[in-house]
Amino acid sequence: MIRAAVVGASGYIGGELVRILTGHPNVELSAATSSRYANRRVDSVHPNLRSICPLTFSHPDDLETYDVIFLAVPHLESMRQAPELFEHGKVVIDLTADFRLPDEELFRRYYEVHHEAPELLGQFVGGLPELSREALRDADRISVPGCMATAAILALHPAAAAGVLRPEVSVDARTGSSGSGMSSGVADSHAERTNMLRVFAPAGHRHEAEIMQATGLNVRMIATGVEAVRGVQVLCRAELTESLDEKALRAIYRESYADEPFVRVVAQRRGIYRLPEPKILSGSNFCDVGFALHPGQPHVLLIAALDNLVKGGAGNAVQCLNIRFRWPERLGLEFPGLHPN
Amino acid sequence: MIRAAVVGASGYIGGELVRILTGHPNVELSAATSSRYANRRVDSVHPNLRSICPLTFSHPDDLETYDVIFLAVPHLESMRQAPELFEHGKVVIDLTADFRLPDEELFRRYYEVHHEAPELLGQFVGGLPELSREALRDADRISVPGCMATAAILALHPAAAAGVLRPEVSVDARTGSSGSGMSSGVADSHAERTNMLRVFAPAGHRHEAEIMQATGLNVRMIATGVEAVRGVQVLCRAELTESLDEKALRAIYRESYADEPFVRVVAQRRGIYRLPEPKILSGSNFCDVGFALHPGQPHVLLIAALDNLVKGGAGNAVQCLNIRFRWPERLGLEFPGLHPN
Amino acid sequence: MIRAAVVGASGYIGGELVRILTGHPNVELSAATSSRYANRRVDSVHPNLRSICPLTFSHPDDLETYDVIFLAVPHLESMRQAPELFEHGKVVIDLTADFRLPDEELFRRYYEVHHEAPELLGQFVGGLPELSREALRDADRISVPGCMATAAILALHPAAAAGVLRPEVSVDARTGSSGSGMSSGVADSHAERTNMLRVFAPAGHRHEAEIMQATGLNVRMIATGVEAVRGVQVLCRAELTESLDEKALRAIYRESYADEPFVRVVAQRRGIYRLPEPKILSGSNFCDVGFALHPGQPHVLLIAALDNLVKGGAGNAVQCLNIRFRWPERLGLEFPGLHPN
Amino acid sequence: MIRAAVVGASGYIGGELVRILTGHPNVELSAATSSRYANRRVDSVHPNLRSICPLTFSHPDDLETYDVIFLAVPHLESMRQAPELFEHGKVVIDLTADFRLPDEELFRRYYEVHHEAPELLGQFVGGLPELSREALRDADRISVPGCMATAAILALHPAAAAGVLRPEVSVDARTGSSGSGMSSGVADSHAERTNMLRVFAPAGHRHEAEIMQATGLNVRMIATGVEAVRGVQVLCRAELTESLDEKALRAIYRESYADEPFVRVVAQRRGIYRLPEPKILSGSNFCDVGFALHPGQPHVLLIAALDNLVKGGAGNAVQCLNIRFRWPERLGLEFPGLHPN
């Protein structure tokens, strides 16, 4: 049993961490902080945790020491708080964007601010088990990738690693409303947002940098907000370097993910759910990955779907925790998702 | 051609007024005010009006004089502004709650504030053509009823007027998100509000007073926010004073609404849409009214549905305008709604 | 470890049973039958179970013997199949409507057909742990109540048992689309059903009989299909026999459900989710129960919400299983639901 | 006043034609046929038309002669019925896919059946006013393009015609559920379809052929079903042949569509609705077209949105009618869409 704290527990990623850690057999969740809701019950903000989580939010200033701290504060706050948090947690798992990119310059280009703790940038191991499992076993500082980046990297990685993709790739990401965090602008109100198909990033979405970093491909990414609370789906279009049939492509993906507990290859000939869809993944830690070849042309469509708050955030972080502490990787992450949903 | 102004045109009711008046053949919409968005284009807030409405919002202080002013400001502001507006508009049609109740005491009980212009309370004619058509022909001050009140009154009125209902009636109202206005609280954000079934008024909703006023019944009303942008549906349960079969009840409703251009009696034996549903009414000025008898018991269910922004607000106001200026009642209100939608 | 079979596993209730039983530590799911999909993989119909459930559907004729059989066939088929199933399963848990009512006559009145196995009607114990826990410990034939009935009974029971309700109660039930089963009519198509508020049972819904049976109250129930896949909410209006304040009522509910693992009393003064809402219950076995008093009047609103496929079906059945086999009641039912969702 | 008939009026496109033609001042809708619903009221299938359209469906065999016949039968039936319909209607406007492609061979490749009336293929004028207005003035046989094709063509046309696009273009289309017609499969049921992001055409969607035909570009198209009843949005990615800034691109689009009554150029710097979204277009005949340049790269994103049943079908057909009969183009098509919606 290890002691854990969630810093920034009143947001959606934070609440999801609380949900998962409360059900984790090897973790005692000892603190959930929120400056705004300090001293109020956690379940007053996350009503799904009524009778599940008896904690009240503590103030961030009242941290003790923990075996692990999950950092789920807003972007750009993590780089301010991280140095101090290192004194409170042996292992720090950051879920913000602040330590995902390897260098100051790239960070400034994509986030348009100066990094406030550039000396820490290289110290974090990327928290994507499918790519960095070995490094995670000994990592004390882990930076979990963005939700859309996770999906795109998992969609592209096997083909990219096999060398069958030309480097120019377009990524079309679709995301639900929880991706914006607990929001209170008119643009995020139900009346304005429901049923929307809003191309909020017609070029150069920030996750682009992470995807390029991880895959070595030259990615142009756009992002659309769609009707959903949870859920990310990415469609990646690429050109093949060589002629591949479906069987060969399937073999590449199957082999790449054969031992992965949370990646499923979904590319069916029949049925309703032939390709990855987030609809059936809410609450689960799966990332479904699929593909379709363009008949008679060297073009391929690579698709991935996940729950942005789970495999795209809190669940992925807990998977990293399981690896770091040498536990079974599925621990606390068994919920399979619902059908219908 | 008359000149009209919409005061408070950046909200949802205000935008709907602009939409309808822009398409009205006898009205020249001369001003649309908004203190917040003054000097910005109306279509920057209401994007459906691009290429339709060339106006920019003017500041409320810059009003000239008009044949009619529609007042669509937030509740409790109307009672402050109305006296001055009387100098700018020959006819004033108020869409707020401020002048719906007949006396100060009732207003205080339901709105929990003192009325700031109690001397005006009796001067407004209730803007529900189905009940007050004659009075509206000469009315210079009109107060349009609340969206849920309109639905409930139209559901109850024929049976109440025919004397076949016992006085104790329960009203269960369901409403979409646009009913809260252009909102920016977390509770109204898409992630928190979508798919909700939120009993936000478990007792004593404010529209209760209006319904009692109009029907003479003793109403207990509750209200639930449901998944929808537009749309109100009310279910009224009542007991019958005498034994009535469906045919007799249908005759009462048919006769009552025989000449009404915007009330349809919907109580079908087959088909998908047997009873009133707001789903097919978005954008239309119809209020569909239906009923169902409890076999073998003296209980009746009376149902109504409408678009809260149209027949429950802006459309109803324009119908009053048409009556007041002795124009055909359907003018500018011809859109029938969509199927499917 | 006991051996279990799900008969009728391709429907929504059946799929939910497979999901829960696959994750249940004391159960080996040995068979999932479907006449229509025999020999196809279970995850071809229930895609959330990919990599979770390796079974293929077997044909109903190929049943062996099991410690427990869950019967999730369509209504009216259970009464035909039950007698033979008794030979294959020591314990039979029926999730259809066929054995919920105590006598032939009542069944005929509500279901409008003759019961084909009336001699079995009295043999089933009602599968609602909150009311029949003791009897369930030794029951070999269990009949799980309807989803809306479960919600209404749990909303009404404490007050009814405490004798504080007058006998006339109105129940207004709202239900999502999965309640109709895996459906293929035009009325259930997305275009016709989405955003609907369809009063499909304006009087005399079948679950009415179950509620009256369980509570001793005289219930008039109506039901509305609402926008949701999963989820039931019931609003029960009743009159109080004596003057009660909120504190007294809360005490009645708290005490009644103090030891219940899956009923939460939800009646908050602040926050977004003050009263029970199914939105946050998808996938969970909770039934949230709340109430609101009408100020100054002897009227009370009793509300309950649940996931129709879990606490309103499969989860409730597994809770009965846990009781029957003297296991901890929460086993296999730990998923708490999601926020936001 | 001309006499019109809608053949195949019980479907969604057919119902939309009835709605628009009933409100058209120059058209008398004389017949609405349906073999399935013959002799039933039109409003029994299209409940939005209650009190609006008094027609009953007539049997297709009972056609008289009309000034114009709209053909809204299922795909592949039009090519069987068209020859006979030419005897009943001076002008025939076909809304199916059967006469959209110019030659038999291309039709077979995309539709995988032999065309049954290949001799007629060249006789139809393409019903897209923005490209073929002149030809439509004298056309007696008009073939309205597909909904996604219309959006993509209008998004691409100005840039393609200006010669600023390289020929390789990818099109990502998103479509609501009404695009599948009045459907009754499980895949289209609400429980399975709601909130979906279903890549139903991962390569080679049929509308691809129409887009290539109209634009001269080499298009690779994929299509995703999204949560919406009405609405199509297309995202087209292309490379520019020359360096263009936003101002220059805007000029090309503005000029191209300056006189178009139903195309709006939407590419805003601020506001909630900066780029085309179908959410605000339901019921309207607008196609909104926008664009975004990739900073520092020769890549452009061209976007269009429309209501698939209106500008993507029935409304576009009526616009063609207005052109053919030399009426003002907006006649009967004035509804601007709703905000919020």
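Letters A, B, C and D mark the chains as written, and numbering starts fresh at 1 in each.
One rule holds in what follows: a residue touches a chain if its C-beta (ideal position, glycine included) is under 8 Å from a C-beta of that chain, and two chains touch if they have at least 3 such contacts.
Just so we're clear, the structure is a prediction, and the values are computed from it rather than from any experiment.
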Mutual neighbours - chains that touch subunit B and subunit C alike: A, D
Winner on C-beta contact pairs when A-C is weighed against A-B: A-C
Taking each chain's C-alpha mean as its centre, the one farthest from subunit C: D
Inter-centroid spacing, subunit B versus subunit A (mean Cα positions, whole Å): 45
Distance between chain centroids, defined by C-alpha means - subunit A, subunit D (Å): 38
Separation of subunit A from subunit C, taking each centre as the mean of its C-alpha atoms, in whole Å: 35
Shared-contact residues (touching 2 or more other chains) in subunit A: 12, 177-178, 186, 191, 195, 229, 272-273, 340-341
Subunit D to subunit C touching residues, read off their complex: 12, 176-178, 180, 182-186, 188-191, 193-195, 229
Interfacial residue positions of subunit B with respect to subunit C in the complex: 170, 172, 174, 186-187, 191-192, 195-199, 202-204, 220, 222, 224, 226-228, 231, 233, 235, 237, 272-273, 275, 277-279, 292-295, 297, 299, 301, 303, 305, 340-341
Residue numbers on subunit B that touch subunit D, as the complex places them: 12, 15, 19, 22-23, 44-52, 177-178, 229-230, 264, 266, 268, 270-273, 280-284, 286, 288, 334-341
